[in-house]
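Have a look at the structure below before the remarks.
The chains carry the letters A, B and C, assigned in the order they are written, with residues numbered from 1 in each.
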Amino acid sequence: MGTILSDALLVAGRDLRIEARSRVVLDQVVPFSVLVLVLFGFALDADHHTLRTFAPGLFWVAVLLSALLAVQRSTALDRADGTDTALRMSGLSPASLFLGRAAAVYVQVVALQVVLVGGLLVFYGVDVEDPLLLVVAGLVAGVAVAAAGTLYGALASGLGVRETLLPILLLPVLAPVLIGATRAYEDALGSAAVDGWAWTGLLAVAALVLTVVGASAHGALVED
Amino acid sequence: MGTTTAAGLGQRDTTGSPRSRLLGAVTLLAVAVLGVLAFVLTDPDVRIHPTTGEEFGQFDAMRLLYVHVPLVVMAYLAYGLCAVASVGVLVKKTPWWDVTAHASAEVGTVFCGLVLVTGSIWGRPVWNTWWEWGDVRLMSTLVLFLMFTGYLALRRTTDDPRRQARRAAVVALVAVLDIPLVNRSVEWWENRTLHQRSTLGELKIEDLTLFTLFFGFVTAGLVLGWLLLHRFRVGWLEQAAFDHGVAAAIAERHAESDEAEVRRAVGERTAEEGPADQGGFTGGETGS
Amino acid sequence: MLVVELRAAVALLGRFPALSGVDLTVGAGETVLIRGPNGAGKTTLLRLCAGLVRPESGTVTVLGHDLGDGTGRRSVRRRVALLGHGAALYDDLTVVENLRFWARAAGLAAGSGPDGVDDRVGGALDRLAVPDRLVNQRASTLSEGQRRRVALAALVVRRPDLWLMDEPHAGLDQTGRDVVDGLVVEAVAAGGTVVVSSHELERVAALSPRVVTLAGGRVVDGPAGGPVGGGTG
């Protein structure tokens, strides 16, 4: 167990260091996520009231779409130059590889959320009524997104058509996360009278299930 | 289906057999009988309101339930079978489980699509809408349908059958584990469901109604079994074709190494030794 | 003692039988050259011995592990070094960061000490004569030959029991080639076993008394082929 966690840290450190140097997520995915928010504004006729009402849902759709790109970037790291073969030869366990990659994707998804919350405040004019709920729900939902994304990213990698297959595999699985996180944000942003903490509980269950399934199923995907 | 000839792949080059043909005939007959029972012989659901005396109920729309409800059960049954077979793929790693998982997922998705279509048609007159977002079972079924659409898309991609079997098994298991979460989230979302908790409880229960519904289950079960059987056999033939193809390719590889390649390989070696063999070497190459 | 033992081994690439029934034994301390035309199955043979490819039929035993079994394949991978077509370097990490990552991934403890990452990585860099100025450069700035050298250094760090080298001389200059040859000699002297696939027949023939010819996915040594020297034991 200790080895799994320290190996996971090793992998996460590698991915985050590569991102810190290459800035693919920062230069491309973050602007994309803000762009999605702006596009929703155009599509919904730039009415502050409408945008405020729908802000939680639009926020999470933007998170999911951007997370797809972050996951694709993460899996692309280990396809070039024989690194996938070298990883299989290395002795790293599939579980630690999964947890490490997922942790790095998680950090990026949380960073995306921070930027997008800023976007909500500036472009949509939302008011945060329960900051703690906003933070906790975002952090918990991020785990579910990163875990499912990493599992399906590994699953779709190595297929010629992975770029098109990943969304149709991943997004239905994240449907309960989208629903739950949107409700929690509706509570936190005061746009609907729901119990956001109960929804956060559901998100926690989803995060746990997807992380455990991901860590145990990853071996079946990378082995031959 | 055609007749069985002992050519090609071994024992079987068709998915039909005398027993499956009998099953098919019984199934088609049952479908016809169900049609007559559901759409002709049973009465429409018309009830009289106890105080106002107005007529209400589902009227003719209720006839669709004789088809819809059994289809739901069979779709979930097929997906359940797929989940069990997927565990088998990951644990036992034999082709039998993989073919079963693939067959049940495909047939289950056909059933699931029919469930959504019949449900939508039924909902138009009864709920006054084609689609109801807040309904738990409707949304869960849709998400399940979408997940298995992805599953079948994955099934059509890679050409390495074993890796594909494992990937597909993971997708099926994640889908099945995810469904309780979908269910719970939609249930909390609107906290209501248009589906009657017990559809039968509110209907006028007549003997014929109950029998027709029962017969609907039998018929849907027969259709499921019949389609699964044939789909499984198609998968099994594909496996046989794969093994056959590998055996043929190995024979081809051997022929390759027996003739031209060996001559070339040995020629290469002798070519280094003397000019006399140089001609043989190039000759061997142009001749291959 | 046999390090590699293949009996009628068949391996598939998708649906294609890249290996169509290979019989091959390699003893401890032996150096074997695998040669054959393109598409003969050389690369797949090395990947099969490395535990990366599941044998479709036949038996494959490497370093005492049965590779028909997933556990056997996992165990053997840790003890084998495979020099493949890619250098397995992350472009955005420096040379030393790459080497440290692969060393840690192989289970070496961080820090210095005889079996620590720092000492092993430093030793491997010296052994492959990687110039100091390159050590802290990003891998993306290296030439092809420099990448191959760093890839070899990453494998030297692991001190494998069995070396599998797929075209190790490709893309290397004269000094690089000499370094590779030195590595092979050294590995064998240290009790290791080396299987090399190469087109550079003369160069490898000097190192390897035994040549195995592969064609059509199996060993086809004709009258002139087979073990030239050494045996299988």
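Rule of thumb we're sticking to: a residue touches a chain if its C-beta (ideal position, glycine included) is under 8 Å from a C-beta of that chain, and two chains touch if they have at least 3 such contacts.
Quick caveat: nothing in here was measured; it's all calculated off a predicted structure.
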{"item": "Chain contact topology (line, ring, star, complete or other)", "value": "complete"}
{"item": "Label of the chain whose CA centroid is most distant from the centroid of chain A", "value": "C"}
{"item": "Between chain C and chain A, distance of the C-alpha-averaged centres to the nearest whole Å", "value": "38"}
{"item": "Interchain centroid distance [CA atoms averaged], chain B/chain C, Å", "value": "44"}
{"item": "Cα-centroid distance, chain A relative to chain B, in whole angstrom", "value": "31"}
{"item": "Residues within chain A bordering two or more other chains", "value": "223-224"}
{"item": "Sequence positions of chain C contacting 2 or more other chains", "value": "54"}
{"item": "Residue list for chain B, restricted to those that touch at least two other chains", "value": "162"}
{"item": "In the complex, chain C residues that touch chain A", "value": "50, 52-54, 70, 73-74, 77-78, 80-82, 84-93, 97, 101-102, 104-107, 138, 154"}
{"item": "Chain B partner contacts - residues on chain C that touch it in the complex", "value": "10, 12, 14-17, 20-21, 35-37, 40, 54, 56, 213, 215-218, 220, 222-225"}
{"item": "In the complex with chain B, residue positions of chain A that touch it", "value": "148, 151, 155-156, 158-161, 165, 168-169, 172-173, 175-176, 179-180, 183, 198-199, 202, 205-206, 209-210, 213, 217, 220-221, 223-224"}
{"item": "Parts of chain B lying in touch with chain C, wherever the complex brings them together", "value": "159-160, 162, 242, 245-246, 249-250, 253-258, 261-262, 264-266, 269-270"}
{"item": "Touching residues on chain B, where the partner in the complex is chain A", "value": "90, 143, 146-147, 149-150, 153-154, 157-158, 162-163, 166-167, 169-171, 173-175, 177-178, 181-182, 184-186, 188-189"}
